[in-house]
Amino acid sequence: MQTKDINEQIKWAQINKDVLSSMENPRMAYWVAVAVCVAMIACAAAAVGYVYTTGQGVLDLYWPEMWGLFIATFIFWIGMSHSGTLLSAILHIVHADWRKPIYRFAEAMTTFSLMTAGLFPIIHLGRMWNLYWVLPYVSDRGIWPNFRSPLAWDCFAIFTYLTSSALFLFIGMIPDLAICRDNAKGWRKKLYTVLSLGWAGTDRQWRHFRKTYLLMACFLIPLAVSVHSIVSSDFAMSIMPGWHVTSFPPYFVAGALYSGCAAIITLFIILRYFFRFEEYMTIPILEKTCKLTFVIAMAWSYLNLIEFAATWYGHDAAAKEVLWDKFTGPFSPYFWAMLFFGSVLPFALAFEKLRRHLPTMFVVSLLLNVGMWLERWMIVSPTLSLSYHPFAWKVVWPSMVQWAVVFGSFGWFGLLFLVFVKVFPSVSMYEVKEMVYHRRRAHEEDQAKIFHRRTSDPQPAIDTPSA
Amino acid sequence: MSLKNILENWSHYRRGIEQGGHHKYEHMWGMALDLNKCIGCNACSVACYAENNLAVVGHDRFAKNQVMHWLRIERYWDEPDLDKVSDSTSQYQEHGASFLPMMCQQCNAATCEPVCPVAATYHTPDGLNAQVYNRCIGSRYCSNNCPYRLRYFNWFSFYESSWPAPLHLQLNPDLTVRDKGVMEKCTFCVQRIRVAKDKAKMENRKVVDGEFQTSCQQSCPTTAIVFGDMLDPESKVSTLWRTHQVELGKTKQAKQNRELRGYRVFEALNTEPKVMYMERVREV
Amino acid sequence: MSKHRIMGLFSDFEQAFAAIADIRANKIHGVSVDDVTLKSPIEHPEIEEVLGERPAHVPKFTLMGALFGLTFGFLFLASAQATFLVQPQGGKPVVPLPSNFVLTYELLILFGVAFTVISFFIGAGMGRKRDTLYSEMVSLDQVGVLLEVDESKAQALKDLFKEHKVVEIREEVAR
Amino acid sequence: MSGIEINRRDFLKVMGWSGAGVALAACDMPSTVTLEEGKEEVTAYILPEEYVIPGIGVYYASTCQQCSAGCGIHGRVREGRVLKFEGNPDAKINYGKLCQMGQGGVQAHYNPDRITKPLVRKGGALVEASWDEALGLIKQHVGPESALSGDKFAWVTGTVSGHQAVLLQAHLEAMGSGNHFVHEVINNAVGQAVNSDMLGETQPTYRFDEARVIVSFGADFLGTWMSPVHFATQYAKFREAPRGILVQIEPKMTLTGANADLWLAVRPGTEGVLALGLANTLLVKHKRDASVLPAEVQEMIARYDLDTVQRITGVTGDRIVKVAGWLDSQSPSLVLAGGTAEGQEHGYETAAAVMLLNIILGNVGRTIVSSGDLPYAQMGPKSGNNQALLNFAETVEKGGLEAVFFYNTNPVYTAPSFLKLTDKLNSVPFKVAFAQFPDETAMRADVVLPIHSPYEDWGTHVAAYNGTQIGVQQPLMEPLNPTTHGFGDLLLEMLKLRKAETYGGFADYYAYLKQAISALPVELAQPARLHDAQWQQALQTGLIPVQRSARAISAKALAVNLPDYTQNGQYPYHLVPSPRLGLWDGRHANIPWLQEAPDQISKVVWDSWAEMHPATAQKLGVTQGDVVTITSDQGAVEAKVYIYKGIHPDAIAVPLGQGHEKEFSRYAKDRGVNPLKVLSPVRDAKTGELALYGTRVQIAKAGRHEKLVKMGGSEIQVGRKLVATVTADVFRRTEGGQDVA
Amino acid sequence: MELGENRFGGKMSVNDRGFMSLMNRTEELSGGRKTGWLWAPFLSLMVFALMLSSVEAYAEGTVPNAVPPKGTYEGKNVEQPIEFPHDIHAKINEINCMYCHTYARRSKVAGIPPTSKCMGCHSVIATDKPRIKKLTEYWEKREPPPWKKVHDVPDYVHFTHEKHLKRFVFDNPELPVERVSEVCAFCHGEVKNMTVAHKVKPLNMGFCVRCHEANKGPSDCWKCHK
């Protein structure tokens, strides 16, 4: 059984070769995947075009449920984006070096899910062509966006987060791009030459690189927390029952990390299987990720309980009504499914046997994300459909147009990711080298210490049992 | 947009309404609605359709609740078990129905306003909760944050189907016909307010109480709706609010006589609605 | 007397480290350790033991960026609010602190990140043409040590490199 | 109110509505807004009145024609097009108020489905024709040259009054015919028969505002009974402190029932028994003076003790005692019968029993007062009923009619299927419809003459109830379609065919009307005015007040004979074809606002439904939205079920108004069913009026479930304080009138 | 101008603190030999401050108590049914604008004069001119000439002439009514120099807002949009 995170004896040339070869010669399966994604996007694009020309009514949104799946999916994707930051930035800061083989695709996932998420607030607008009115620009009309609106905050936060995480991804990739440059031919050579910005691995570059990367990691952690807190304030800042909850920001952040980690497990298994990255995406690393996910799942479940308890013991009758409706009303199947997927299923991650069984983990991680998507839907829809004013209670099933867009967003994310894995190294080569180098060094030092102690050092050995 | 401006007037801009912030009200249009008199006949609602170019959406869209009635008359039954007969409940709705005409409550602390990302909804110096159609981008956040659910969204270009020629000749040119993707709601007939204010200004006087009526008020056969300026202490509406000891800025009314009928819907939410209802009366 | 640029490629970081340590120990007179440029496939922070502490000003830029984002952000928002008086206030001041803090915070991070990245590009000299003395092996697993020395010192340097089992030596005449 | 109110001297010379201000003001879709110069037209007037200013509304007074209550309206006119109707504050009927049907009048006027060209039947189909051709056909068939004589000719109309009634009568006389069938589905014919028998006056005036208790047996005076807006204004006063008590007794909750302090569900057809039960309690328990009643009546009342009444009506005794207590302690009171109480086989007896209560309580002369006589009897309203429809069908069946003129009525739609009116009409060789819309009757006519809408036409009206004024109907704008003609003009044309010597001098109906109104005797108007000023004043205010002659009202108690309630094994349920304020008898089904305005009680829109008590629903095993088949001996209708506790378990109510043929309107097409079709041939025994609510039906599940499209979600308040209720005691303590209570 | 020594012994000058010089000296900066960059954020802040301070450069017009709005527009020539010569009427004959556009002071729209008004004069004046003949033709057909709209605002903008005339003319004691055309010119340009009017002002929201700011007009959205 493999216990080491990585084979320390692996040759650096082997690392280069493995990773670089993953970027070449796409197989049939790849093209099929691309075709599927494009078809999904076409679905969504057609749906959005239909909405654009006819109006939001074709979504079967209605008075008073005016947001529906779009905003739920928006939060879902925003949540998904937190994985990259967590693995990369937090683990970087705490020097958990097992992140190194897997952080690259996680960061890419961050950026791409943000690019997916950002589309939803745009297409949900009744007049999406006037989107730019949310931006604070100087105009002779003397009008500005409303800076008090959490939606305007969203706009700022997502822009900042997208910029920062894309830069973070890019900066961290520069040394790898230099490797690609040195090994590529044709258009790839040109592309990598431009993108690697003349990286030569000089001590000066490394020195600045190290500080920059650390500082950006420092920025990204509070940023990620603030972004999802702001997204949660879309709801928490309102006065609607079931939304006006103090614990929403941590609840959202936990949910975000949760779905992000689950998605990392999914993609981990996919990449490992298709690119034969068994040497880098090892079972012990998967296990660590799974444990982390389990911890977050428990935190999420706890926050869920807090929310229920706070509502239950509070005196907001309407909020209680909404909660009760979630338990028993028209949304209850989805609500209970969410609780099952979100709080019960993660116990599969607690068992080593299951953790090490890839097909199981694949299915579990997918279901966890289904649960997380349901969670977002259960936040948005029940409150809208069943809020303060009983006369406005109504539940209508979302139309196919809505589902098509939600469905298509996965295609869009998938396509971005597929392009990414073939154009950019999805495993960080230089960091894996670092990891191997440092681990081997540490191992050798340990060996040396043991040897030293046994042979020449007269001091009492700690591991000798005392008489 | 000048830095000088904020630096010089900093303390002014940091003052809230309690410290006499910059918002000065010219008027404060409010309403009082007597549920003892309201018979739920729909005249106000249809008058609102006629006055405010409200779109007729048709059966199929109504089925999906994609409706545009700015003034809806809600009907509630007293007996809770509507479709069951049991010993514990009465066999009939013996006290009739409860009717509640709901139009935009023009809250003074409106929850819809601060959430609009483009400031398309804001508070006017008339104390009205305004909706600027041409600024609206249709995020629908305002509706989602309205506890009364009194905002209606143009799900389609309703004008294409609602007024086939020559029905479109009926459209009121004093206000905009809304296109798809914008939010709309009761305006307290702002076009009538505007005409009355303009007329008063042209004659260099103040608007007189009762000089104009909102469309719903005008049609109400039982005169259940009273509308006017709440800043004018002599106006009918402020007299009614005073008699019923309802104050605008309170979440819980400190009534000396607890039996007075005036109340506001969801007062405790601190939205400061400007429509006061007077409780329904039944003999038994 | 022309200057020569010499780069030695080592297969092992330890060797390169030893070579630089020798230079630092003034084994070749007139060749300073300050002239050494190290090129490595991975980061070796321990090289500072022999190269000496070289400056990197990124954190200062970051601080400045953050401060700029803070002041600019707040003033920008406040001045916009102060001219757009119809925007909803709900009885609160024209310039509200809570929401402006949220946005200012985002702008602080945005500008902090932007300045950091810019300072990285500037400070690390990114975006310029690569040195002609560059071996693709550097991005694989070899470590390069580059110096610019007088012609007279060139041979001594090469010998020093060879002493530390250099794999390959590249040389060119500096322009 | 914006704009100026001003008298209307003449037509505007040119209405610029074809271009100015009509541009649809959409938000910003590039397709609908162009700011490019020279793309939009701006139309100028040619010779406008001095007061006509573009951008400012002008108000013209007229009279609402959406039902026959005769409310005064103001039409807001801008740039030559009428935008909105508002109540005329001078009108003594509606005091500036207007119901939803009145508001909807503007959509009837601009209705996209109006007939714009004369239609003539050629080869079985109606085709567009010229006016000359259409009028030529009429001249050929009913002109002096035709062999048409006397009773072979008939007019079938809705309620008519004023000068149209005068001219119509003149036309009938000129034709030598006495056949004028005035048909209204929603009418008060039985009640009026009782009134004239017991009070000596067909239509007395009720003083709702004076009454302290109103007990209404099925009279939906806030919704569909006679003059709802007028009654609602009085109701408002009735509800002010010290606040009267309203008791509504009916099998299906009407709008009035929904506002009642006590709503009592009574077994359909037993309202009279309940009235006698109340009378009995008043006489026995409250020792009311019985001497006002003849001995036979006293004897008859004595038979209805509490147990009997409970058994027959299904109303519990404590409720009867409570209502009787109110009637006894609060005075004066007002007891009314109408709607479901009258539309029965023994409707006359029921209404008479109710009137006995008024006599016992001494209300006659206090809350039921004389209306006096209209000084111009010929202008008085010819109120319609359903008996006329039955008579018409009989007359047609006898083959006596060769030419029939239809105006303002739609008998083909409203006739129950047992009359087989559609088939019978085929035997009438020449049928002319003076129609605004392609309704069922017009579509079966041989010649269809498109007439002006009431809001572009001239006329006068006197209401059947509260006829203290002659409502002047004047055009609010130039005719929308130049190819339509005014009804008065056409009537005059018809008259000129036969009586050119009398009517040839009038260029058009306007000239006739102007002359006629100016010639009204000044001493009968109040205040008296010079003749010419009278016309000007009439146009300006939209009405001519008239002094009705005073007369005393007297009460004559009659004995009534009410049958016991009988079960019908095969058809156990009672069908209540309920009229609603909105679609009325179906004539307004083409008005989109009224289709979209929900029914006041069930909140259903755009459809028909069947109201059912939960006990019945349980028995039948249906839930809300299930489709049921309602079968009478005359046929069946299907409707979705709406379940609530505002209906008697023995009754099932299907609203009137839907189920039109597809030609009528795009808005009424494929909408619901017409319950009138399945009515059984039950007539009121005394008057011969069709018993609208006398049909017994059976109900079966159709096995389908369809969504019931209605406004709103929850039907209860779920503990939120949305509509709070206080008792009248509290109300009287805080708002006065305590001493009276 | 020297400010002293920096810690690397170099001389520091004002020039060194310039933002541009900062950009030019990236190499030195990265080497840490200059600290001029410390000023960079504050410099950019000052640039921003300059950017924000609005320059209210309104030229005083000839109309007393009013600041005319700024902005121009190249309107195209519109073909009207009758080529109406504003110059002859307003300039040569000095007819007041409000004589024909009489609704302007009473209504939100200025209105096209009714044909009867034209005929009031032109039944006797210049009856032989081709344009007048065309007009007479319309008059006799009882048809208004199909005038084309030149000055148009979107339908969601509710401009009122009445209020603007009150503010600038009738409530303005220093402006006699005879000079009303100068006020009209704010938005319509010098119509008296045109034959058929064409649009010379942008009439967009910025145009309106700037004028409202300068003349202290209302800033409430619902004044114009509803």
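Letters are used for the chains, namely A, B, C, D and E, taken in the order the chains are written, and counting of residues starts over at 1 for each.
By our rule, contacts are C-beta pairs under 8 Å (C-beta built on N, C-alpha and C of every residue); 3 or more make two chains touch, one makes a residue touch a chain.
Computed from a prediction, not measured in an experiment: that's the story for all the values here.
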{"item": "Where chain C and chain E overlap in contact partners, by chain label", "value": "A, B"}
{"item": "Inter-chain pair with the most contacting C-beta pairs", "value": "B-D"}
{"item": "Chain whose average C-alpha position is farthest from chain C's own", "value": "D"}
{"item": "Chain whose Cα centroid lies nearest the overall Cα centroid", "value": "B"}
{"item": "Of all other chains, the one whose Cα centre sits farthest from chain A", "value": "D"}
{"item": "Inter-chain centre distance, chain A versus chain E - centres from mean C-alpha coordinates, in Å", "value": "51"}
{"item": "Where chain B and chain E are represented by their mean Cα positions, the distance between them in whole Å", "value": "36"}
{"item": "Distance from the mean Cα position of chain D to that of chain C, given in whole angstrom", "value": "90"}
{"item": "Mean-CA-position distance for chain D and chain A (Å)", "value": "67"}
{"item": "Per-residue multi-chain contacts in chain E, two or more chains", "value": "30, 49, 52, 154-156, 220-221"}
{"item": "Numbers and ranges of chain B residues touching at least 2 other chains", "value": "1-3, 67, 72, 74, 76, 100, 114, 116, 119, 122, 133-135, 157, 175-177, 180-182, 266"}
{"item": "Set of chain C residues in contact with two or more other chains", "value": "75-76, 79-81, 83-88, 123-125"}
{"item": "Touching pairs - complete list by chain label", "value": "A-B, A-C, A-D, A-E, B-C, B-D, B-E, C-E, D-E"}
{"item": "Interface residues, chain A side, partner chain C - complex", "value": "12-13, 16, 136, 142-144, 146-148, 152-153, 156-157, 159-160, 163-164, 167, 171, 174-175, 178-179, 181-183, 197-212, 215-216, 219, 222-223, 226, 230, 430-431, 433-434, 437"}
{"item": "Residues of chain B touching chain D in the complex", "value": "35-37, 39-43, 45-47, 49-51, 56-59, 62-63, 67, 69, 72-85, 90-100, 133-134, 157, 159, 162-173, 175-182, 192, 195-196, 199, 212-213, 215, 218-224, 257, 259-261, 263, 265-266, 277, 279-284"}
{"item": "Parts of chain B lying in touch with chain A, wherever the complex brings them together", "value": "1, 61, 64-67, 72, 74, 76, 100, 102, 111, 114-119, 135-141, 143-145, 147-149, 152-157, 180-183, 266, 269, 271"}
{"item": "List of chain E residues in touch with chain D within their complex", "value": "75-76, 78-79, 103, 106-109, 111-116, 139, 142-156, 198-199"}
{"item": "Touching residues on chain E, where the partner in the complex is chain C", "value": "26-27, 29-32, 37-38, 40-41, 44-45, 48-49, 52, 219-221"}
